[in-house]
Amino acid sequence: MSSDRRARGEEALGRIDPDVAGRMREAFAEIAPDFADMIVDFAYGDVISRPGLDPARRQLVTLTALTVLGAGTDLIETHARGALRVGLTRDEVVECVMQCAPFAGFPRAIAAMAALRRAFAE
Amino acid sequence: MSSDRRARGEEALGRIDPDVAGRMREAFAEIAPDFADMIVDFAYGDVISRPGLDPARRQLVTLTALTVLGAGTDLIETHARGALRVGLTRDEVVECVMQCAPFAGFPRAIAAMAALRRAFAE
Amino acid sequence: MSSDRRARGEEALGRIDPDVAGRMREAFAEIAPDFADMIVDFAYGDVISRPGLDPARRQLVTLTALTVLGAGTDLIETHARGALRVGLTRDEVVECVMQCAPFAGFPRAIAAMAALRRAFAE
Amino acid sequence: MSSDRRARGEEALGRIDPDVAGRMREAFAEIAPDFADMIVDFAYGDVISRPGLDPARRQLVTLTALTVLGAGTDLIETHARGALRVGLTRDEVVECVMQCAPFAGFPRAIAAMAALRRAFAE
Amino acid sequence: MSSDRRARGEEALGRIDPDVAGRMREAFAEIAPDFADMIVDFAYGDVISRPGLDPARRQLVTLTALTVLGAGTDLIETHARGALRVGLTRDEVVECVMQCAPFAGFPRAIAAMAALRRAFAE
Amino acid sequence: MSSDRRARGEEALGRIDPDVAGRMREAFAEIAPDFADMIVDFAYGDVISRPGLDPARRQLVTLTALTVLGAGTDLIETHARGALRVGLTRDEVVECVMQCAPFAGFPRAIAAMAALRRAFAE
C-alpha cells in the first residue's frame, strides 16, 4: 500500500535529515504538492529503504551521485550532514568526495568539497 | 617517490582486476605510453589507496561514479567484477546501481544494470 | 495500492511499446527482479500516467530528456517508435530532436537523429 | 538572407520573452557583441521558428532540455514564464519538470522546480 | 546571405574532413534533410569559420568539447583525423585528451583515447 | 620525486593564478588538507606542465573543459583571467567559449560568457 511506502520513506529520509521532507513539502506546496511525496515515496520508500545496503553505505552512494552529477550545493550540504547522522565520519565523507575527482574531474570534487566545508562548519 | 605511488597504485588496482593495468598499458602503448601509468599512479596510487575507506566502500563509490557519469559498458563491467573481488556481493552491487536511479535517472541505471548482467554472466 | 501503480504503469508504458516491460523483466530477471517493476511503477505508474499532459506531449518530454542526457541508442529508438504510436508524426519527432541541438549541442542531436533513422527504418 | 533569420528569430524569441534578446545584447555587448545575435539567429531563427511543432510544444522541449542539462536558474525561470506566455498552464509546466525526474533524477527536477516557484511568484 | 554561410561552412568543415558533410547529408537525407545543412551553416559557417582562432586551436576546442561531453566514438575519431589535417601532431592531440582527465575524469579521457587510437591506426 | 611534481605543479598553476593554490589550501585546510596539493601535484604537476602543448593552448583546453562541464562560475572566472596571463587575448577567450555553443549548447556557453564578463571587468 501507498501508506507503507510513505512510512518507509519518511523513516529512511528522516534518518538523513528529520526536517527535509517537511521543508520540501512546504517549498513545493503551492506549485507541486505531490512532488515532495514522490521523492519520499520513490527515492526513500521504494529504493533507499531496501535492505541490501546499510544506511552508511547508501549515503556514500548518494554523496557520490550528487558530486558526480554536479548537484546543487544545498543538496550536497544536506546529504553531507545526513552522512554524519547515519554514522559516517567527516574523514569518510571527505574521502568519498575526493575519490570522485579521478572519475568525474576536479571541478565537481571542488564544488562538493566546498559544500562539505559549509556542512561541517555548522 | 614516484615508485611508491606506482607500487601502491598497482596494488590497489590489482585488487580490482589483476590484469587491467597491463591491458591499459598495451592499449595505449603506441599513442600515449604515460596515460595508463597516470591512471595507476594518480587514481589508484594517490587516491584510492588512501586509508580512509575500505576497498569495498571505495568500489561502491567507483561504481556509483561510473553509473552516474554514463561511463562505457566495458569500464562498468570491469568494476562490477572488481566489486565482487573486493568482497561486495552481487546483490550489493545491484543495490548500488539501483540507488543511482532516483539521483541520475533510469537511463543511466539501465545502462549500468546491463553491464552488471554481462559482468555476472562470466 | 501498489497494484494500481502497476496497472497504470503497464498501461502507460504499453502505449509506448507493448513489449518493453516484458523485455526489461526478462533482461533483469536474474540479477535485479524488482528493477523493471520499479520503472513500470514509478516512471510510468506514478509520473507518466498523471493526467496533466497528454501522451503525445509526454513523449516529447521523454525524447528530449533522452536526447539531452545522451541516453543509449536502443532506448532512444524504443521511444521514437513509441512517439509514433502515441500519435506524433515522424516530422514532429525529428523537430523535437533538432531543437535539442541549440540547448545540448549537435553531438547529442546527431546521436539521437541516428537512432531515429533506425527507428523509422523498421 | 540573414535579415530573415534575424526577424524570424526575434519574433520566435519575443513570444517567449519580449525583453530577453535586448537583455542578452546588453549583457554581452562589450565582450561578445555577436553572441546574442547568434542565439537569436540560430536557436530561434533557424530552429525554434520552424513550423513542425507549435510554440507550446517547443517550449516543453526547451524546458525539458534546460532541466535535464542542469541549466542555470535564471534561464529556467525565463523559460517557465515564457511557457505561460505561449499558452501552457502552470500545471503543464510542473508536469514537464516532474517528468524529468525518472529520466534525469530528482536533483535536476528539484533545481528546476525551485526555478518554477520563483517564476510563478512574480 | 545564406549561401555565404554555406560556403564558409563547407570550407571550414572541409578542412577537417572533406567527406563528412556529404556523409551527414546522405545519412539524414530521408528523415531530416535540413539537419546536416544546419551543422554546416551554423557550427562551421557561423562559428568555427570566424577569424579569432586559427584552425588548429579551434580543433583543440572541438576535441576537448567532444571528450568532456562523452561524445560518440565516431565523432571523436573524425575530429582526431581532422586535427591532423589542420596541422596538429598526434602528440598534441593526445595531450589535449590527456588534459581532459583532471577536468572531466578518466572515463571520458579513456573513451576518447580509444577513439584516437582507432583514428591514428588508419 | 613528489617534490618535483609539487614544484612543477606550483609553477604551472602559478602561471594561471599566483594565488589560487594558496587560496585552495586555505579553503580546504581544515577538512581536506591534502586535496589542494592533489590538484597542484596531479592536474598541474603531472598533466598541465607536460611539454606537448604550450600554456596558451593548454588554457584553451581548460576553458573549453570547464565550459562544457558546466563548472562553477568562480572556476571559469579564475581560468579566464589565467588565460589572459598566459598570453591569450580577450577575443580569443571569447571565441573559445563561443565555439562551445554548437558542441555543448547555448546554456553552457551563456553561463561561461557571463563568467568571462566578470573576469574581464576586474
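Per-chain numbering from 1; labels A, B, C, D, E and F assigned in written order.
Following the convention adopted for this analysis, contacts are C-beta pairs under 8 Å (C-beta built on N, C-alpha and C of every residue); 3 or more make two chains touch, one makes a residue touch a chain.
In this text, all values refer to a predicted model and were calculated from it rather than measured experimentally.
Annotation of subunit E and subunit F: jointly contacted by A, B, C, D, touch as defined at the top.
Set against one another, C-E and A-E show the most C-beta pairs in contact at C-E. Listed candidates were A-B, A-D or D-F; the one reproducing the E-F interface, defined as more than half of contact pairs identical by residue number, is A-B. Centre to centre, using the average C-alpha position, subunit C and subunit D are separated by 23 Å. We define each chain's centre as the mean of its Cα atoms; on that basis subunit B and subunit F are separated by 27 Å. Centre-to-centre separation between subunit B and subunit D, using Cα means, comes to 39 Å. Subunit A has residues 38-39, 42-43, 47, 65-66, 69-71, 94, 98, 101-107 in contact with two or more other chains. The touch graph of the protein chains shown is complete.
Of all residues in subunit B, those touching subunit D in their complex are 101-107. Across the interface of their complex, subunit C is touched by residues 1-2, 38, 41-42, 46-47 of subunit A. Contact residues on subunit B toward subunit E in their complex (touch as defined above): 24, 27-28, 30-32, 34-35, 38-39, 43, 65-66, 69-72, 75.
Across the complex, subunit E meets subunit B through its residues 70, 90, 94, 97-98, 101, 105-111, 113-114, 116-117, 120.
By the touch rule above, subunit F contacts subunit E in their complex via residues 39, 42-43, 47-48, 50, 52-53, 57-58, 60-62, 64-66, 68-69, 71, 91-92, 94-96, 98-104.
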